[in-house]
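Below, subunit A partners subunit B and then partners subunit C, in two separate complexes.
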Partner chain A sequence: MRGLLAALKEITRYPSAMVGLFILAFILALAAYAVITIPYGEAIRLWRGGEATWRYNPRTAAPAWIDYLTPKKLLRTVILGPEDAQKEVKVLSERTRRLIFTYTLDYEADVFPSELAVVFKSQYEKKPPRVEVIWRTPDGREFSFGRQIPSGKVHWYTVSQDRDLIASLRGAPEEVLFQDPNAPEKTLKGIHTITIKAYVFEPEADLEAEVVVYGTVYGIAGTDHLRRDIWVALLWGAPIALAFGLGASFGITISSIVFAAIGAWFGGWVDAVVQRLTEIRMVIPTLPILIMVGLFYSKSIWVILAVLIGLNLIESTVKQYRAVFLQEKRTPYIEAARSYGARHLRIIFRYLIPRVIPWVIPSFVLAVPAYVFLEASLSVLGLGDPVLPTWGKLLSDAFSHGALYHGYYYWVLEPAFLLMLTGFGFTLIGYTLDKVFNPKLREI
Partner chain B sequence: MEPLLRVEDLRLYFRTTKGIVQAVDGVSFELAPRTAMVVVGESGCGKSSLAKAILRLLPRNTHTYSGKIFLDGTDVMALNDEQFRREVRWKRISYVAQAAMNALNPVIKVGTQVAEPLFIHNNLTKSEAVNRVVEAFQLVGVPVDFVDRYPFELSGGMRQRVVIAMALITSPQLVILDEPTSALDVLTQANIMNSLKRIREELELTYILITHDISTSSELALDAMVMYAGQIVELGKAGHFFLEPLHPYSQKLMASVPTLREDKDLEFIPGQPPSLINPPTGCRFAPRCPKRFTTCEKEPPMVEYKDGRKIKCHLYV
Partner chain C sequence: MGFSLVVGVFLTVITANMGGYVDKIKIAQITESISVQVYQNPAYQGYTTEELRKLIDQKVELEIKRLGLDKPFIRFDSFSGFFHSRAFMYLANALTLNLGRSEHIYSSSGSKQVWLIIQERLPYSVLLFTTASLLVFFASLYVALILSRRYGSIWDRLSVALAPLSTAPSWFYGIILILIFASILRLLPFGGLVDIPPPESKVMYALSVLKHMVLPLLGWFISGIFVGVYSWRTFFLIYSSEDYVEMARAKGVPGRPLERRYILRPTLPTIITSFALLLIAAWTGAIITESVFNWPGLGSLYMAAISQFDTPIIVGLTVIYAYLLGVTVFVLDIVYAIVDPRIKVGGGPAA
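Showing the complex of A and B:
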């Protein structure tokens, strides 16, 4: 133990390891932050909760910080709710009232909104209210649309998809309403006034409206094709990647050592069986088997992890460890241990296995990124966990929705960056540990 | 007196690519309690193999392992491996291996290492074990504060003492010491031999001391056994043997021991011990024996000499 701590202390002398440790600390902090701020169930809800969860988010919006990097002023989503409205009520008859909501929108962005929508939240017994939207642009043009009867408690009127409106405006509403008539590619800055007129026909009936002007940028990491906040997936990708990578690496390393030690210690047919199994394992490709498991059995990341560890229980490193154990087995102190009656298990676990720890630690650390990447590869192949948000899943979605073709670079670059950062961190630490534990590699 | 250890016709053969090595070939002897027997002979005579055969530390390529071993009247050959491990190893017979300096696990503190047999056989708690380790360290003359050191932090002599402490920790009846002082300087050798002598008297132990250092071992030995080519050639009281070796091989062996301040030419035995794969028929020492005669082509019997010694030589028939 003391030697181990000393070795860990020694790696702080290497700048590369410090960078690696810093990266690892960052990923760990990210993972801890994710798990603490967004509990597992909440993460799944945010990723799989259905449209209602993310309806107010813009679709495929870039991260908000992009705004600081471009000369154009980009648009963050604006939601004008009841508290932003001036409400006027006029009683028209015993049962009928007219409600007028006036919203003002100060539009300063250089880009058009990505979408427009109005949400009607109404309360009524039998007869639904009737509504109308009147949109007044800064230069005084007025458009009236959306004459309709909102049904249900919450009714979404997606202005951008109103075919009649598109036809009458001869263009997408989110562009026509915001463009400068003299220079159609530019936006007209100034104050828009949106008036919503509603008639309610019951004494107890009421209505509230929200105007949603979808932006082109959103949050820390942007959104995907389903309006989901990519930040959730980036955050939750960290603990999952670490759990998968560390879990696979740990399980496989430990089981390989144990099998190597058992084979080397007992020798004879036990050793032969372990060696043959290792060789069989070496010619069986892992990926196709995982793909088959994913296709026919379960795509759950934990099932895949278990299958991966199970497949690699006897990994090719068994050969390396066995070579060391065969040497150790013949040392006088092992002979002495046998003579004082130590049991086989005691010899294997207490005397033999501790001797390979200097070789094991670097290879364990170096193996982690390989398994993190493996999970990402499976996801890109469409075999990612269907429930959990992971980095690989993000890449997979980005790939299948043509993110690069459409110019949604953030969607690909963010998870790719984190994946590479993780790999880089573990690799830096692993190589430094190798130098510390294998004095032959030490720098002069 | 009932012997502590009785060995009858013990054989240990190894299988190698070149053939069967007859490392221990029909060895029979008795060992009284509270005695110390020194086993001498050239390298490759089967001394260490004899020790391993008694402790049943058999390598994988064992071809034959037969004979009878009685320990205090019990037939230990009848025990299965697990019983043998539990009842005999370290409980009744402990062993100080050859190259004992390396017999300490480099990654375990010596205090813990010495306590290992206790954890295995006596189920002691850690604090009880520590007390026993401290006692054992005091007995063999290792400073008590060494318990927290690693083997590489100890000198060769100290490591040797630690190994001896480990052999004594479970209070066995018989201790087999396989060259316990090789690779140590003369002073340390003498020191350890004296300690071993004192410990044997204090704890009433029985020793089998395997060595080729005849002069150092004479200090400790009460009985003596000379082995040649896997067989006993002379067996008797150490006093008789050191004063007047009878077997020609024993005589040659004694003559090769250097003496201080005496101008004599050291003798050596021409040739090498025979290969144990195909040992010569008849007397195995015959090819190198200065006193050989025609009868030597026949297997010599074990002859009892007038002082009670047993000699395997035609000269004394």
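Showing the complex of A and C:
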């Protein structure tokens, strides 16, 4: 243990390892932050909760900080709720009342909104209210969206998909309403006035409305094709990647050492079996078998992790460890242990294995990125965990939903950056550890 | 080593059948062939469809019983005193490439034979990934040799600094390369094998294929080259400080012959091993790279089979991969015996 601490102290002398440690600390902090701020259940709800969870987010919106990098002013989603409205009530008859809501929208962005929607939240028993939306642009043109009969308690009127409106405006509403009539590619800045006239037909009936002007940028990381906040997946990808990578690497390294030690210590047929198993392991197609497991049995990341460790119980590194153990076996201190009557298991676990620990640590650290990327690979094949948000899932969603064709580069680059960063961190530390523990490399 | 191959394929078959999937393939095959037999047999011509179906069901059941498909996967036969297992039957089928018929996917010639479909795709995978492996292998060896001569130079230190770039797999670089060269610069195609429609002349066709190979090759190259250069450089440096190399240098053996005779020759077995490992990595790593680039090889077939849940294809491909790995390792063993005089085959004289 003291040797390990000394080694840790030693690697801080190498600048590359410091960078690696710094990266690792960042990923760990990200993971800790994710687990603390968004608990497991909440993360799954945010990622799998269904449309209601994401409905107010824009679709495939870039991260908000892009706004600072471009000369154009981009648009964040604006939601005009009941508290932003001026409400007028006029009683027309015993049962019928007219409600008029007036919203004002100060539009300053250089880009058009990505979508428009109006949400009606109505209370009635039998007869639904009738509503009409009138949009008044800064230069005074007025557009009526036609009559609506909101059904149910919450009714989403997706303005951008209203065919009649698109036909009458001769274009997409989110563009026609916001463009400068003299220069159609530019937006018209100023104050839009949205008036919603509603008629309710029951004494107890009431109505509230929200106007949603979907932006082109959202949050720290943007959104995906389902309007989900990518930030959630980026955050939660960290603990999952670490758990998967470290878990797989740890399990496989430990089991390989144990098998190598057992083979080397007992020799004879035990050794022969371990040796043959190593050779068989070489011809087993790991990825195809993992694919079959993912497809036929379970896509859970933890099942895949277990199968991965199971398949690699005896890795090809067993041969290297075995060579070391064969040397160690003949050293005097092992002879001494044997002469005082130490049992086989005691010798293997207390004397043999501890001797190779420093030797193994670099390869353990160096193997982590491979497993982190393996999870991403499985996700790209569509075999990622069905509930958990992971970096690999993000990449795979982005790729399969044409992020590259449509230019949603942030969607690809964010998870790619984090994957690469994790890989880099572990590799930098691993290479330095290699130098520290294998003096033969140190001179080079 | 031939033994390892058999065991590898065996394990693959066992894994595949854990949910009874191979059994299903087998039963589907039996049903198919029996229906064809029954429908084509003139003796049954007077039967109604209902009766025919009953007849087929009976025959299928008999055949299932005959093959023991209704019995547990592995069972002890107290009569003969042996263990019986369908696994061995499947193993024999797999080893003889009797892979059954696919459920949904056709070969371009319209066949549903899994082996035919795979045969059609195999050359494309071999073309791309053998080229890629050869490129990475020779480039990294060559650069590493140069760097080991100039140990400590800026290039040498750069190669060490760049080595961590190789942690990402080739499909990962593939996506980034598509982003840069296809999506932003619009220089190279997003993927596929040839332009659509394919060019008429053979030369143009070949050029078009080459153009589509650039990005996957580049992705593979980037993900392999840095770690290749780094590890070969370290390896050569360790070897070039051996006593016999120092001795030869002191004797005045000039640079190139020294490298060839005293460094490359003794390390040849290691070099060959690593080439084989590189090929193995290429076979399996190809699955995702191909699907990212929509390259019509085995990997894309795998992807299509996964999305359509075409079990016979998936199992067949896994068997083929096990085969490819087994054959690679097997060939490696033979080459090993040829280049390393210390390894003798069967105790006879060095080959």
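The definition used in the following text is that the second predicted complex is superposed on the first by the 441 of 444 C-alpha atoms of A that agree within 3 Å, B and C clash if a C-alpha of one lies under 4 Å from a C-alpha of the other, contacts with A are read in each partner's own complex, and residues count from 1 in each chain.
Methods note: contacts are C-beta pairs under 8 Å (C-beta built on N, C-alpha and C of every residue); 3 or more make two chains touch, one makes a residue touch a chain.
Please read all numbers here as calculations on a predicted model, not as lab measurements.
After superposition onto subunit A, partners subunit B and subunit C are found to sit side by side with no clash.
Legend: residue contacts after superposition of the two complexes on their common chain; A:T193 is shown touching neither subunit B nor subunit C. In the superposition on chain A, A:V380 makes contact with subunit C only, while subunit B stays out of contact range.
Among subunit B and subunit C, the chain that touches a larger number of residues in subunit A is C.
Contacts of A:F296 after superposition: subunit C is touched, whereas subunit B is not reached.
After overlaying the two complexes on the shared chain, residue contacts for A:R343 are found with subunit B alone; subunit C is out of touch. After overlaying the two complexes on the shared chain, residue contacts for A:L428 are found with subunit C alone; subunit B is out of touch. When the two structures are aligned on the shared chain, A:Y351 is found in touch with subunit B, with no touch to subunit C.
Shared-chain residue A:G407: touches subunit C; no touch with subunit B.
Remark: in the superposition on chain A the angle formed at subunit A by the CA centres of subunit B and subunit C amounts to 60 degrees, rounded in steps of 10. Looking at the shared chain after the overlay, A:V283 reaches subunit C, while subunit B stays out of its contact range. When the two complexes are laid on top of each other via chain A, the two nearest Cα atoms from subunit B and subunit C are 14 angstrom apart. Against subunit C, the residues of subunit A that register as touching in their complex are 16, 276, 279-280, 282-289, 291-293, 295-297, 369-370, 373, 376-377, 380-383, 395, 399, 404-405, 407, 409, 412-413, 416, 419-420, 423-424, 426-428, 431, 440-441, 444. Residues of subunit C that touch subunit A in their complex: 1, 3-5, 7-8, 11-12, 15-16, 18-19, 21, 151, 160-161, 163-164, 167-169, 171-172, 175-176, 178-179, 182-183, 190, 234, 237-238, 280, 283-285, 287-288, 291-292, 302-303, 306-307, 309, 311, 314-315, 317-318, 321-322, 325-326, 329.
Contact residues of subunit B toward subunit A in the complex are 55, 57, 60, 85-86, 89-91, 94-95, 97-100, 102-107, 116-117, 120-121, 163, 166. Within the complex formed with subunit B, the subunit A residues making contact are 3, 267-268, 331-333, 335-343, 346, 351, 354-355.
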